[in-house]
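Below is one structure, written out as structure tokens; comments come after it.
When the chains are written out, they are named A, B, C, D and E in that same order, and each has its own residue count from 1.
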Amino acid sequence: MAEIAEAAALRAPIVSSSAHAAAAGRHESRTAWLLSLPAITLLFVFILLPVAAVITLGFTDYELGYSGFRFVGFDNYADLFASRTFRRSLWNTAVYTGIVAPVSIFMALGLAMLIESEGIGRSFFRTAYFLPVASLLVAMATVWQYLFHPTIGPVNAMLALAGIKGPNWLGASAYVLYGLSIIGIWQSVGFNLVLFLAGLTAIPRELYQAAHVDGARSAFDRFRLVTWPMLGPTTLFVTTISIINAVKVFETVKTLTEGGPNKASEVLLFTIYQEGFVYLKVGYASAMTVVFLIILVVLMFLQYRIQDRQVHYT
Amino acid sequence: ETTLTVHYPMPGFFKDVMDTISKKFMEENPDIKIQFANPSATYEEGIQLIMRQAGTAEMPDLTFIGLNRLRMVNERDIPVDLGPFVAKEGNMAEKGFSDNILRLAQVKGKQVGLAFATSNPIMYYNADLVKAAGGNPDSPPKTWDEVVALGAKIKALGNGVEGIDFRWQGDDWMFSALLFGAGGKMLADDEKSVAFNGPEGQKAIEVLDRLVKEGGLPVFTAQAGEQAFFAGKVGIEFKTTGALRNTIKNVGDKFDLRTAQIPLIDPVNGKLPTGGNAVVILTRNAEKQEAAWKFAKFAAGPYGASVVVPGTGYVPNNELAAKSPEYLGDFYKKNPLFVAGLSQMNRMVPWYAFPGTNGVKVTQAIVENLSRVVEQTATPKEALEDAASEVESLLPRS
Amino acid sequence: MSALSLRGIHKSFAGNPILKGISLDAEPGEFIALVGPSGCGKSTLLRILAGLETADGGEIVVGDRDLSPVPAADRNIAMVFQSYALYPHLTAAQNMAVPLVMRKLTRAQRLPFVGPLLPGRRQAVAAIRREVQDMAVSLKIDHLLDRKPGQMSGGQRQRVALGRAMVRRPAVFLMDEPLSNLDANLRVHARGEIVELHRRAGVPTLYVTHDQAEALSMADRVAVMIGGSLLQLASPQVIYDDPAHVEVARFIGQPRINLFPSQVGADATVALGGLHLQLREKLAAGTPVTMGIRPEFVHVSRSGQHGLPGRIDRIEFLGSEIILYCRLDAIGETMIARLAPAEGAGLASGMPVRLDFPAERLFAFAADGHRLASTPVSSDAVLETAHG
Amino acid sequence: MSALSLRGIHKSFAGNPILKGISLDAEPGEFIALVGPSGCGKSTLLRILAGLETADGGEIVVGDRDLSPVPAADRNIAMVFQSYALYPHLTAAQNMAVPLVMRKLTRAQRLPFVGPLLPGRRQAVAAIRREVQDMAVSLKIDHLLDRKPGQMSGGQRQRVALGRAMVRRPAVFLMDEPLSNLDANLRVHARGEIVELHRRAGVPTLYVTHDQAEALSMADRVAVMIGGSLLQLASPQVIYDDPAHVEVARFIGQPRINLFPSQVGADATVALGGLHLQLREKLAAGTPVTMGIRPEFVHVSRSGQHGLPGRIDRIEFLGSEIILYCRLDAIGETMIARLAPAEGAGLASGMPVRLDFPAERLFAFAADGHRLASTPVSSDAVLETAHG
Amino acid sequence: MSTRTLTPGRILRLSILSFGALIFLAPYIFMISTAGKEQSEIFSSSLSLIPQQWSYVQNFTKALTRVSMTRLLLNGVIVCGLIFLLQVLIAIPCAYAMAKLKFRAARAMMVLVMLGLLVPIHATALPIYVAFDRMALLNSYFALVAPFTISVFGIFLFLQFFRAMPDDLIHAARLDGMSELGIIGRVIVPNAWPAITAFAIFSVVAHWNDLYWPLIVVSNQAYATPPLGLLYFRAAEAGDDYGALMAATLIITFPLVAAFLAAQKRFVEGITMTGLKG
């Protein structure tokens, strides 16, 4: 809370760093290594190695179905940056993420708090909002096609009742990203909600009591004083996951729009998939994957470094 | 005893068909056992699967591949050349495999498969709407001009009713229907330059433009268009005959569903692309190939057709099946909706497959430019020119 | 009119009655120390008063306003939590500023982004900063203002928690063992600050403590709560010198009072160590009673004539005083005596001694614990009624 | 051989030195109370000993084993945390059973599902249950054994934490203010239990407390830690009667010692209230010194000839004693006196009094704080050297 | 706080929640309604949720008979169960080490974890597929489970949660003689139920519904997972039998909903660190 910080004339926080006795430290780090060894091994086998393979493929002209390939250096990368489709899907992905991540985070947070402060129907509400996460897109695609149908769809029927002429959500290039975003939000709110609910439980009740006594009269005051800062780690986590999941949007695009119309819903992962598995150009798709990863790694690292500083209090 | 692993796409269409055929086949050939691999949801996924599995132990012995993808698969040397089997068999025509039909599954003269389920584009219409709009449902439009005019009338009914749905999305098949119907071609004969931007192509794309501008063709996704038609909110729909059975089921008795031939821009020289798939043998094991050939013949033969056609709406790929009352003769008398596709069989030419490694991308480029026309963000001429130059750049440069 | 009154507060946890009808009135500006054994419900009572827990029955009135329906945030009560309950993400200074910010800034001024632009906010914030700084100085934590609770020692956290309550001007102060983690000097210092603040604020204060020195020295009145009931509420002097109940006598006083079972003798008299008391109540002979004498009134002599014979069991050195544990020969029970170090010179474990005490310091309690009024009867004979 | 020895322990937090070379040796079975102002590093020292925090420098030896490289779990040290650190998901009984289960059951016996089938487990578990039960009884928490920490009062939690440490037979006991949330009687009782246990276990115990009575009465030796250094480590009597440093004198003693600035006079003598001391060190005249006298040695008379004239400022009633705050006329400073309630009869705020004290009870400290050895010199003149 | 009285604020809250729930459930409402409709009734111009002709029995019978539903569900349970168990067993110790032990590699691990979060399975599927094929591991539970045994999401989630746990708790456990594994099993896990339950929900839902990877490694129907089974009901070119498709979807989704209902109390039960002061 800004005013509290201000009123207390915040100076730079003191970060403790202690050199430690070598022996005890060694023991501790050996234990740590042992505990994380299975994870490290599997990370190596199932993530690092395949990624290395992908990086290698990115320098080849490998095509699915052919047995051999040739190293082509940075040709794939050169093609990539000249590609209109790639730029388009980069932009679309950014727009999609820019809509879905923040909306689903804040909506989930709001809902989590509403549900927690409500006495009745908690299980029902939790389940209701969570169900979309459990939905099977293979089947849901049909449902969304119908709901968003420009003429017979209930969504536009409702809008018509309000006197609004509903757009062609999934068919028009001007709207398709919004249509997909709505579905994306629908799918991820429940996910974030569960995380927030779990995070809320970790807040000591006593802090709320202290806040009451301190005169935090409105729910909003208590939210700013206790909930929001104490949820910091959860929020950081949810933000990270939401952004990553939004950037990785694929299935809805694949099943609902196939990137169309006219690339209006072309997103990164779909482009990669299309290049790799439909056009079968695995080498090129791999190069694209590498670029995709680099962008994400840089992005996430910045975000994480900045926020991490602020949310852990010990 | 030989066991054959068979893979096929689109279980929604083909599961029952495959089960029936394989059951009958095993009855007739007790020494061969058919087992199915997990089917793939779409042709694309099916091809991906085969490409991945090619050469591995997982590879099925037989698969079914979209007719327009045979060329691509062949370039990767995946299918077994059926030429020798055909040659050995000798009298293929007697068994209903006319040269015309064999040609559907040939790539540069190589017999890569046997056409299994084939389709052509037809016109579906909602007779109730046609009547309401003042048309005569018993004499459906024969030319695109009539279609446009009728579509406009239906659209004018209001109440959310759209005039026309034309399945331009997904691939270049329906554009081919317009183009071939005008007597046009995708590429020049040497396959080195684009030919679809010629006058025939221009006529084709202008028809699409007019459908949008005058005929009341809205921007639909493929499913949305279909759903709207099922719901009785679209007057005329153009799509594959293969979807007929499904359409009948989904429409039920909500309205009077009719079918008719698709108009041709050039009624004389116009042709229609053949959709559907071919059974392809993958196994390199000689003994299995023998058994696989038997199955392929059986599935693509008159019996297979007699199962496929009623079950889906595909047109018979076997001339014997179509004519012989033992198979389908009576069926067509009882099911007039299926006649439209059958009656167009003489116009069917292979669905053009583009050469080179960018084959699929080319179709995508065409579809994207079509979408600009449908969304009216480009004039037909612009779109066609752009499509042509994009495709040109994607063709092999040798 | 009382500034704060509790009427018949009841509370049970899972069927166990914890508070069995607590009633209490505090004058404006009165300082009441609430003492009682661990787990007797002191914190629970404060929490009910603060509105953090709902009572099963009873009323809370502050001024002439019934607080029961008022939510905690609106009760204008300041509380020091036994567990501190500091905000872990805020520094000491921020923690202390919270209640002021919540009350002195308007809702609009507290808004993010917009707030700082509003008129008057600068001054208000500066004023808060000053108040926090002053409070920190008086609690000797001004060097810690930028630390977060995780970087502070137990006592430092406790002082921040205290500061957070004390910067305010509430209608009632509630403090739950606010000094338990402080060393003696700091405690005395903080005691002074609290008393000072209390005097200035002039609002009723309820102060839970385990430290009797604290309770007796700071409070106007002391409330002794035992077994869910308020056994006595009186001035420190009365509580100590005139306990109304045997439990009060037992609970207050360090080292604790000597208690011996006895019986009513003839003519409603009771006796201990040769001293006789006349009870005002006419109890039948043979009624069991408890006799009490505080350790500081026990006089120990190595060779006296008077008093009960006994033997020193253990000597405890406490710096400024000495505690003697003596076993009485006659009844085998322990009598505790408190002596100045000088008086204890020459005493050693195992030594036989005589224990003597003045009759006017003897207390008699009935079997149900209530105090029996009595007057000394002079007599020199050691009566055997002293035995159980 | 000492059972536990710390050698030159250093520790800084964020560049602030907290421990500046603490060295300490404990005999087998010795009970050492560690006292010091809040925030001086007591908890930190215990945590370093337990292996929970790494020292920046120094050695810890238990028996003849250097503990530095040994991880906390293998040090076999029992500790009561100032913050209790109870397992929130376990009941009181389970919390207390944990250390026993960990040590008395084999790894196999502790396995879920399989464990209960192994031979010997039944008996071991029954034994543990008994031990926990006994410990709970002696800490008076046997009625709480099935509660989780969230359902207990502060003092109850503290006793569970204490019990968890005490059921074990460790190599060293560390207790960080284990009784701070208990009432006086319970505290006395728990004190007895701890001392008893300590005696039986015979292992060195380091006991942090803010309660001087606790430190002085329980400990074999008291370690006074101030400003990151150990100022004195000696028996309670020595600490109290013979403080080695002015800070020790100031810190120990309730109410705190009276200290007055003064100067060395002629012939290395110092004076206060007409009393003269001869310093053994030959300090030059005019060197500043501090003179100290404990409140219990200050004698207050309403009309004496001797002593410093002053006026009563405030009287504090503490039940068994009275604290008098008097302002000295001559220097304007406050002198504290401690009296029995009887002695205080008739005294009231504002009254003029005379304050007198025996010369042999006077302490002198050098400017750097260390104690100056001295012997009384008899004299009757009130010297003006008493003034700063 | 009180649940008895209906204040205006509460009414507002309830209406917001109910309205939102209605919107979020709309697709499911449509789905349930569709599952009871005849095929011809599904797409019609008028929106009616109640089927004119109740075809639930037919549709569900179809869904249950056209694929061997029990086999699919059993496979789903086996695969999800194994994945979850292994994920938890591997992720929790690792997250604990990263959160609470001083550990040089923790930073590098963090980078790896983030990388793992970012790498989509679509990117690594091909190399892993090829490797599995070379080792003849395709078409097995192993192939379905192995790549997911490492859950970077899990590590990340637990890491956040563990960090918030007070150090004193772990210190006390060490002094009580627990090994680090003992601390994990006896202190961390019991106090991390909300996180573990939340993770269980995510893990099970994700892998129960996963179509991408099973499609790649499983061609033998004996190992088909529920969504693979669902594919029989779907088509690309034309429609499908939507009523039965929805019925099958409901059958497949039902276990998830039941599991969620059972689990949701757990993650909000509230583990508060009441054993501590400060």
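What we mean here is this: a contact is a pair of C-beta atoms (placed from the backbone, for glycine too) under 8 Å apart; a residue touches a chain by one contact, two chains touch by 3 or more.
Protein names from UniProt, one per chain: A, E = Carbohydrate ABC transporter permease; C, D = ABC transporter ATP-binding protein.
Quick caveat, the model's predicted, so the values are computed rather than measured.
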Count of contact steps on the shortest path from chain B to chain E: 1
Set of chains whose contacts include both chain E and chain C: A, D
Chain hops separating chain D from chain B, counting only touching neighbours: 2
Chain pair with the greatest number of C-beta contact pairs: A-E
Per Cα centroids, the chain farthest from chain C: B
Gap in Å, rounded to a whole number, between the CA centres of chain E and chain A: 16
Computed distance of Cα centres, chain C from chain B, in Å: 92
Cα-centroid distance, chain A relative to chain D, in whole angstrom: 55
Distance between chain centroids, defined by C-alpha means - chain A, chain B (Å): 39
Two or more partner chains touched - positions in chain B: 41, 52, 160, 223, 227-228, 231, 233
Residue numbers of chain D (touch at least two other chains): 13, 51, 71, 82-83, 154
Touching two or more other chains - residues of chain E: 43-45, 126, 180, 231, 233-234, 240, 242, 271-274, 276-278
List of chain D residues in touch with chain E within their complex: 47, 50-52, 71-73, 75-79, 81-90, 95, 98-99, 102-103, 148-150, 154, 157, 164
Interface residues, chain A side, partner chain D - complex: 14-21, 23-28, 31
Residue ranges of chain A in contact with chain E within the complex: 20, 25, 28-29, 31-33, 35-36, 38-40, 42-43, 46-51, 53-54, 111, 114-140, 142-144, 146-147, 152, 154, 157, 186, 189-191, 194-195, 197-198, 200-202, 204-205, 233-234, 236-237, 240-241, 244, 248, 250, 269, 272-273, 276, 282, 286, 289, 292-293, 296-297, 300-301, 304, 312, 314
In the complex with chain C, residue positions of chain A that touch it: 1-11, 13-14, 16, 204, 206-207, 209-218, 221, 224-226, 229-230, 232, 313-314
Contact set on chain B toward chain E in their complex: 5, 7, 9-13, 15, 36-43, 45, 49, 52-53, 56-58, 60, 160, 223, 226-228, 230-233, 239-240, 242-243, 246-247, 249-254
